[in-house]
Amino acid sequence: MCSFDYQTIMSISIYGSSVVLMLLGLYAVLVKKNLIKIVIGLSIVDSGLHLLFVAVGYLHNGTAPIFSPEAVDKVNQMVDPVPQALVLTAIVIGFATTAVALSLVIRLYKHHKTARIDQIKSLKW
Amino acid sequence: MKRFLVIFLMLALGFYLIQALHFVPFGANRMGAPADKKTVAAFYLNETVPQTAVANVVTAIVVNYRGFDTLGEVTVLFLATTGLASILYKRRDEEETERVSKPSSTILQTGAKVLFPLVVILGVYVFVHGHLTPGGGFQGGAIIATGFLLMLIAYQKYHLSHSMLTWVESLAGILFVSIGLWGLITGGTFLENSWFPKGTLNSLISGGAIPIIYIAVGFKVAAELTGVLDILLSTKDDKSASNIQQ
Amino acid sequence: MFYAGIFSFLALLLIASAWYAIRQKDLLYGVIATGVVSLILSVMFLLLQAPDVALTEAAIGIALTTIAFVITIRNTERYENDKVESGFQNKTKEE
Amino acid sequence: MMPYLAYFGQFLILFGSVFLFLGALGIFRMPDFYNRLQAGTKASTLGVMSLILGVGFVEPEWLVKSIILVVFIGIASPLSSHALGRSAYKNNIKPFMKTKMDAYEEVSQILPEEEEKV
């Protein structure tokens, strides 16, 4: 079916691992009952998405998009800088959302004395 | 039952994701020849050095071409800090603010005192050289916040002046917006930096206003992340929580 | 071919640590496993020629996110109890 | 003169990687937490320090930065291992049963609880 050459192994490992990370995180978000586990799942979804973005921008045998004094004219070999800039902002935003979610978890725990979502029945807090 | 439903959903989603990614070969040239300037990435790669004289293309995109994006992101960070403080609000006059962490040993305190300036200098180095080497405001700000985290953990009564954090953050934000508005007045677009001398490529003073903006972003991010960690660490320990821990 | 071996090994390690982070009942171990996920991810970013992203992931993903999770676990509970009945019993015992 | 410095740097890199390997082996072989801690931090501290110094000798432009890094690691790594061991002791993790002496117990009985100084 498919011969295991360089291209196939690389695409299977990178794309496959990012897709599996996203699915694992989504599984944790949907199935788990503990609130901290849900936040862990959200951060794992974030990680998989970042890996997918950077992998789409990769160029075979490319170099990082930084001009050094020796290689000013290496434009043809540089990887795509746009997904890197997007992911750079996405990581920082991911930390901010994670911190806000964790503070909500702390607040809910202080009020209900439990961190399981099926035991938190009242909507007031 | 629910678990099997979720696993079925996962399988379907994974199938469609893999089918979509099957047509994106890994490592293939998706930009075309950059000299043609047909794609966005080729435009950035070709025009960064003549227009801005910045060696790091990612810095040029983050600060200059997509400067609005960065401004919005810094605003999101500020809003996250504010939301965190309002969620975990605790009245100051109720009692002395006490940390979650336990008192640490003398060795850790002395070592933290030695290591803290080194960590802060590393962060400042990273965001001052953001236009030449990998790094920049976000990374440097995060490293400085890590240094403050070390002090907050080692010393239980380490006092962070909140008015100082507020001042640093506000002044950095005002600097960023005012440079952008000055570009709007003189050049016609927000964050236009043609009014500033460019300098030569690969030297410390190059890139016009880009290093100044990135330094401002670094100070702002450092103040915000330090504020987040300080608020998270100074939430009071309930008795029930400590009972479960023991 | 050398890079293909490194990448497949790192991908296996990544998936294994994410699986461990989700399956583990002790939440502190799970949080450390998410830190390991971030560490491997930052090495992969470096190999994918994205040093800026690798530096950001190393500073924020490994240090700050992990410490935020640890502080939250310190403030709430450490073990995830799966059964509904045992959870209610624990609650009644406390009260 | 220059090639000898490069050879010395490569020898240092080899030396450091051997010590890193021994540290990783010690984590598998040692019986309890404290032995693993000292295998994983002492050996790998020496390994990482000599490896970074070797890189600095091979590339003479990076020598100053690598010396700064060696100083940083020389402070930070013992500090982190001290914090790990102390918190493990405070959380009542028992040492290996063949351990003959527990010096910290005697010291902590004599000394009062450590007061923090700001």
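Per-chain residue numbering starts at 1, and chain names A, B, C and D are given in the order in which the chains are listed.
By definition in this document, a contact is a pair of C-beta atoms (placed from the backbone, for glycine too) under 8 Å apart; a residue touches a chain by one contact, two chains touch by 3 or more.
Here the structure is a predicted model, which is why all the values come from computation and not from measurement.
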The larger set of C-beta contacts, choosing between A-B and B-C, lies at A-B
So the chain most remote from subunit A by C-alpha centre is D
Whole-Å distance, C-alpha centre of subunit B to that of subunit C, is 21
Whole-angstrom distance, CA centroid of subunit A to CA centroid of subunit D, is 32
Distance in whole angstrom between the CA centres of subunit A and subunit B is 16
Taking each chain's centre as the mean of its CA atoms, subunit C sits from subunit D at a distance in Å of 24
So subunit B residues touching two or more other chains come to 56, 58, 134, 136, 138, 142, 225, 228, 232, 235, 238, 240-241
Residue ranges of subunit A touching at least 2 other chains are 10, 14, 16, 20, 27, 55, 57-59, 62, 64, 66, 84, 88, 91-92, 95, 99, 102, 106, 109-110, 113
Listed in rising order, subunit C residues that touch 2 or more other chains are 51-52, 56, 60, 64, 68, 71-72, 75-77, 94
Checked against the stated definition, the touching pairs are A-B, A-C, B-C, B-D
So, in the complex, the side of subunit D touching subunit B is made of residues 72, 75-76, 79, 82-83, 86, 90, 114-118
Listed in rising order, the residues of subunit B that touch subunit D in the complex are 102-109, 111-112, 114-115, 118, 155-158
Subunit A residues touching subunit B in their complex are 7, 10-11, 14-16, 19-20, 22-23, 26-27, 30-31, 55-60, 62, 64-69, 72, 75-76, 78, 80-82, 84-85, 88-89, 91-93, 95-97, 99-100, 102-104, 106-107, 109-110, 113
Per the touch rule above, subunit A residues touching subunit C in the complex are 6, 9-10, 12-14, 16-17, 20-21, 24-25, 27-28, 32-34, 36-37, 39-41, 43-44, 47, 50-51, 54-55, 57-59, 62-64, 66, 79, 84, 87-88, 91-92, 94-95, 98-99, 102, 105-106, 109-110, 113-116, 118-119
In their shared complex, subunit A is touched by residues of subunit C numbered 1, 3-4, 7-8, 10-11, 14-15, 18-19, 21-22, 27, 30-31, 34, 37-38, 41, 44-45, 48-53, 56-57, 60-61, 64-65, 68-69, 71-73, 75-77, 80-82, 84, 87-88, 91, 94
